[in-house]
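Below, subunit A partners subunit B and then partners subunit C, in two separate complexes.
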Partner chain A sequence: MGELEMEKHVRYILTIEKKKDDFVSLVIEHLRINGAYWGLTTLDLLGKIETIDQDEVVSWVMKCQDESGGFAGNIGHDPHILYTLSAVQILALLDKLDVLDIDKVSNYVAGLQNEDGSFSGDIWGEVDTRFSYIAICCLSILRRLEKINVEKAVDFVVRCKNLDGGFGSTPGGESHAGQIFCCVGALALTGSLHHIDRDLLGWWLCERQVKSGGLNGRPEKLPDVCYSWWVLSSLVMIDRVHWIDKEKLARFILDCQDKENGGISDRPDDAVDVFHTYFGVAGLSLLEYPGVKAIDPAYALPVDVVNKIIFKK
Partner chain B sequence: MDSDEDERIPFSQRPEWSDIKPVPQDDGPNPVVPIAYHEDFRETMDYFRAVYLADERTPRSLRLTSEAIAMNAGNYTVWHFRRLILETLNTDLHEEFDFIENIAKSNSKNYQIWHHRRWVAEKMGTEATNMELKFTRKILSLDAKNYHAWSHRQWVLQALGGWEDELDYCLQLLEEDIYNNSAWNQRYFVITRSPLLGGLPAMRESEVRYTIEVILLNPDNESPWRYLRGLYKGDAEALVGDPQVSCLCMKVLSVRGNTFALNLLLDLLCHGLQPNGELKSVVEGLTNSESDSIDPSLAIKVCSLLETLDPMRSNYWAWRKVTLPSHTKAI
Partner chain C sequence: MIMGEAGSQENSSRLLMQLEHILGSDPLIDEVGFIHPTQLMALNGGSTGSLDVSAHGSQHSSDHVVETDILQPNSSVFWIKDHKLAISTQALLPLHNAAKHAFTTALRQYKMLHNICTKTDRLVDETVSNRTLASENLPESEVMKHSKSLLLLSCDFGSAWNARKLVLSKNQQLSLFMDELLLSALILSYSPKSDFAWTHRRWVIKTISGKCPNMQEIVEKESKLVENIAEKLKMNYRAWCHRCWLIPYMAKEQMLSELTKSKQWAELHVADNSCFHYRRKLMLRIIEDSCSRQLPEFCFNHVPDLYQMWKEELDWDETLIRRFIGREALWVHRRFLSQCWIKHFVSDLQGAFCHSKNHPGISHDVHSFMYNEMQLFHACLTVLDDEFEDGQAQATLAAAYILWVSKQIPQSQGIKLEDMLRELGGLKTLLNKLCPFRAQLWDGLMS
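And then the complex of A and B:
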């Protein structure tokens, strides 16, 4: 299987966006700020965040802010809670939260809470437990959780719990590892993990490991490196990560590397992208792979960043 | 759409757009992540930005958003503006459904499309019920696990109704693929939430029968095992007290070792099941190591079997073994 090709992954991230005539970069224009978060967090986990011009990033991020206080995926686009979290995470990562008008951003996020405690993604009202996590994570980083009705927010997440111990996007929605991460994260950040049956959910999550060692997101689906993050972080948050075969999972992630040009793909021999590169490296971080910085499973930021921002250590 | 994909006429050469000055994307002075744009896409977006900034809600702007969405259905700002135009122009929403269906063909996992579809259906109300159920059926016939389609369908049922055939639909999908966890989830959704079926208490008996039948045909299928437990949700006493459940475990295990059957049996034992001699001998039959036969406890034997059968999760089973309630150690 070989080792984690750290230097190649760093080089891949630094050069990925410079490729010309790349259709992928064209269609992700509107979610560029997510891409920036994935890339920058990966660089930090690999200890190379200083290789980028931080002031330039900060000034670009701030140009994505809308007058509502929310952030767009790129300059001139409409704000959405998805992009607002990425913006806040990037600024936290670079220790530049002081450039924000914290109340303005947190008012935007708090304004998206609905009567039943759920959150909408933007003014058009799409509801999803992803947005509950995003709102809670965002406000936790900004230390403004008191701006929302936390009790109702927690109630809504709990209403999305299923018979298998997992969570879906809305009440009754099928359990899905990505949604489970969001719900467990939201409950962890609000000190509400007692709503989870840890043993039941832990068993469902560890059943996601398939023969190849990789993790899938739902029963009978193919394994994908992104679940190395969604499943693993959830298992860490409920303290059940020792129930899976960590060594086999690490081997699966390492098998998904492009060993020549860097980057990590969803499955062995597929094309790499920045999204899976982040999830692969973040997964290895949770597996305590040597040389990769520790990541916080709930904030999805390096532990030293969380300590500095949240706990003022 | 205004033009054929093969023979697209640039906006700069279309007379009806001659009054518009395109606005290029502002990537900032030194873009962090510079993006290479396709020429057609760039031009379309430049004109889009122009009408968007001018807030021009006209039929031509609507057509322009169609073109922009066809090129990139993920751009939520374009969708956002399209809704504003639709609202302003009071457009016939039936046409909008056709447009969405066309786009959805190649983008069935795009959040924006589904959200837009729901917005249109919500505006139309119950008139849209059958259309939406049919539309999601069509998408699910291509990918029976499409999460967006299922979410949309659940929303339709709850907001607009149409529950009548839903249990049959679940049955049909399960007949096509008995491993389809989404269909199992929908089945649970229907029996617990349909206003027509009387809820879980009324449905339990027939559902237990169906599920047991299915498990006996495919004991390695994770979903029905979980479904079966769900039918006794929060009522461990009923689960342990139903002889069909322990009998199912025994039948499956009398053929060969199976992690789901052993795991359910383990839970039954933990919740107070008193195993009969037949069940004990079936488990004995699966145990071949000497160390296990020395230990008298059935629950410990089951844990040891699971550790061997499922080595990837051996830590989980080892944990189950050390946390067994004391009453299980005497049986």
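And then the complex of A and C:
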């Protein structure tokens, strides 16, 4: 088994920023702020956050803010809760939350809560448990959780629980590891994990591990590095991570590295991208891989950042 | 250099005009493809006749006078025939840039005008709306035109979807909402996972649901659309979520017909857990509708039907399990069916529907239920004899299933299942042997 190619992954992330004018980068320009969060968090987990110009990042992030208080995925686009969390996470990572008008951002997020406790992604009203997690995570980082009705928010998430122990995007939606991460994260951040049958959910999550050691996101799907994060972080939060074969999983992630040019792909020998590079490194962090900083499974930020921001340590 | 850039910019806005002319002339385009320039050349194969889109429609009376030759599609970039449109991959970048620029400009103008209109509303109300619809409509039709081109090229450009919602929410013409369903269906036909396109459809349906007389028909078509898209891309989570989302709009008859229709589909796609999940959702909803908000007697009257439905599903699932070896989705489905069966129909447990009276011909006996499941389990173990991986998977799934069922039967009931479940000790050994990399899981579940 190979080692984690830390240097090469750092170099890979630093070079993505430079490719901006091909068609592929254009069609994802609307979620550039998510990409920035994935890239920067990876750099920090690998201990190399100081290699980037932090002021430049902060001023660009602030240009993505809309007058509503929410953030867009890029300058000039419409705001959405998905991008707002990435913006807040980036600023937390760089210890620059003080540049924010905290009440303005948190009012935007709180304003998206609906009567039944769910959250819309933006003013157009689409509802998804992903948005519940994002709202709760965002407001926790900003220490403004009191701006929403937490009890109702929790009720809605619980209504999205299925008989198999998993969670879907809306009540009755199919269980999916990504949605489970969001729901478990929302319940963890609000101190409501007692709503979860840990053995039942742990069972469902552990059955995501396939023979190759990788994890899939739903029954019958191929394994994919990004589920290393979603499944593992959920298992950590419900204290069942010792139920999977960690060594096999670590090997699977390491096999997905591009050993020449850096970066991690979804499966061995596929093309790398920043998304899977982040999830691979974050997964290894949860597996306590030597040399990678520890990541918090609920906030999706390095533990030292969470300690500094949330617990003021 | 500068000359060249200006030239190419002009060229790309001309391409955009051509694209928009094609889209405007043929509102029934139902397929878009991005293909390599050499392929496109081959398609056009010298015969430029097929490119004469102005022959398709003559709605363009007013702008028609303007430079028809400029609107004549460039045959090295576009190909159109029988409502199918192909665009050269080489032109995507300039087209995207031009569309984005045109869209941004149009939206800015639209918002400016709209702000002015709302601010001066009280002063000019009647006069503004009566003055000239055309000039007022211009910015909004520009927004619609350019956002459409942009979305065809880049379906996840959220701001363009939003701009369309903005225009529509100020207009409220039902036919315009129907156009949105066509556009998003077109985009989904080649980007079946586009979250934005699915979200847009839900917004449209939510918005028209109170006002539209033929909702049932729309929901039916919508369900059919998901089926078509799910056929092209298997296990498409977003598509099936959308179908599940439709269920509350369905009447009972429609739910029953959806169950029938999806049954055939499921048989042809036994690995697609999402389709089985859709069935689960329908079945749960039918139970809910028959029982929860009704009087107990009403519920009681429905029990034979519900029992029959569940029994048939269990039998059907068993047939599929025996026919398709080692398919996880079939066993996931069985876990659900057994769980609900035990909860609702088994009388000596907490069966919610069993009350005091019994229905003739309905077995409420947990022992006979378990007996059947154990039979199935043993049958699946014999497949182990063959050396194929599927046989191993089947045995693992069967053993894990028995473990699952045993956990559904509350121990407090003091039922004499020990005979059957005595094998549980052996079950752990078996699971460890069949699926050693999950040893920690089996240990955690059975200690």
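Annotations
Here is the rule we go by: the second predicted complex is superposed on the first by the 310 of 313 C-alpha atoms of A that agree within 3 Å, B and C clash if a C-alpha of one lies under 4 Å from a C-alpha of the other, contacts with A are read in each partner's own complex, and residues count from 1 in each chain.
Criterion: a contact is a pair of C-beta atoms (placed from the backbone, for glycine too) under 8 Å apart; a residue touches a chain by one contact, two chains touch by 3 or more.
Here the structure is a predicted model, which is why all the values come from computation and not from measurement.
When the two complexes are overlaid on subunit A, subunit B and subunit C occupy overlapping space and clash.
Looking at the shared chain after the overlay, A:W243 reaches both subunit B and subunit C.
By the document's definition of touching, both partners, subunit B and subunit C, reach A:T170. Shared-chain residue A:G35: touches subunit B; no touch with subunit C. Looking at the shared chain after the overlay, A:E220 reaches both subunit B and subunit C.
Applying the stated contact rule after C-alpha superposition, one finds that A:I75 touches subunit B and leaves subunit C untouched. In the superposed pair of complexes, A:E3 makes contact with neither subunit B nor subunit C.
A simple residue count on subunit A separates subunit B from subunit C, and the partner touching more is B. With both structures placed on the common chain, the touch criterion links A:W60 to subunit B but leaves subunit C unconnected. Annotation: subunit C segment clashing with subunit B after superposition, chosen from 40-48, 58-66, 274-282 or 292-300, is 274-282. The interface of subunit A with subunit B overlaps its interface with subunit C at residues 21-23, 26-28, 30-31, 72-73, 76-78, 80, 122, 124, 126, 163-164, 168-170, 172-174, 176, 202-203, 206-207, 209, 211, 213, 218-221, 242-245, 248. Note for the complex: subunit A touches subunit C at residues 21-23, 26-28, 30-31, 72-73, 76-78, 80, 121-122, 124-126, 163-164, 168-170, 172-174, 176, 199, 202-203, 206-207, 209, 211, 213, 218-221, 240, 242-245, 248. The touching residues of subunit B, when paired with subunit A in their complex, are 25-28, 30-38, 41, 49, 72, 74-77, 80, 83, 111, 115, 118-119, 145, 147, 150-151, 154-155, 158, 179-182, 185-186, 188-189, 192-193, 222-223, 226-227, 229-230, 233, 263, 311-313, 315-316, 319.
Note for the complex: subunit A touches subunit B at residues 17-23, 25-32, 35-36, 39, 52-53, 56-57, 59-60, 63, 72-78, 80, 122, 124, 126, 162-164, 168-170, 172-176, 202-204, 206-207, 209, 211, 213, 218-221, 242-245, 248.
Residue ranges of subunit C in contact with subunit A, taken from their complex: 92-93, 96-97, 104, 153-154, 156-159, 162, 165, 199, 202-203, 206, 235, 237, 240-241, 244-245, 247, 271-274, 277, 281, 284-285, 327-329, 332, 335-336, 339-340, 400, 437-441, 444-445.
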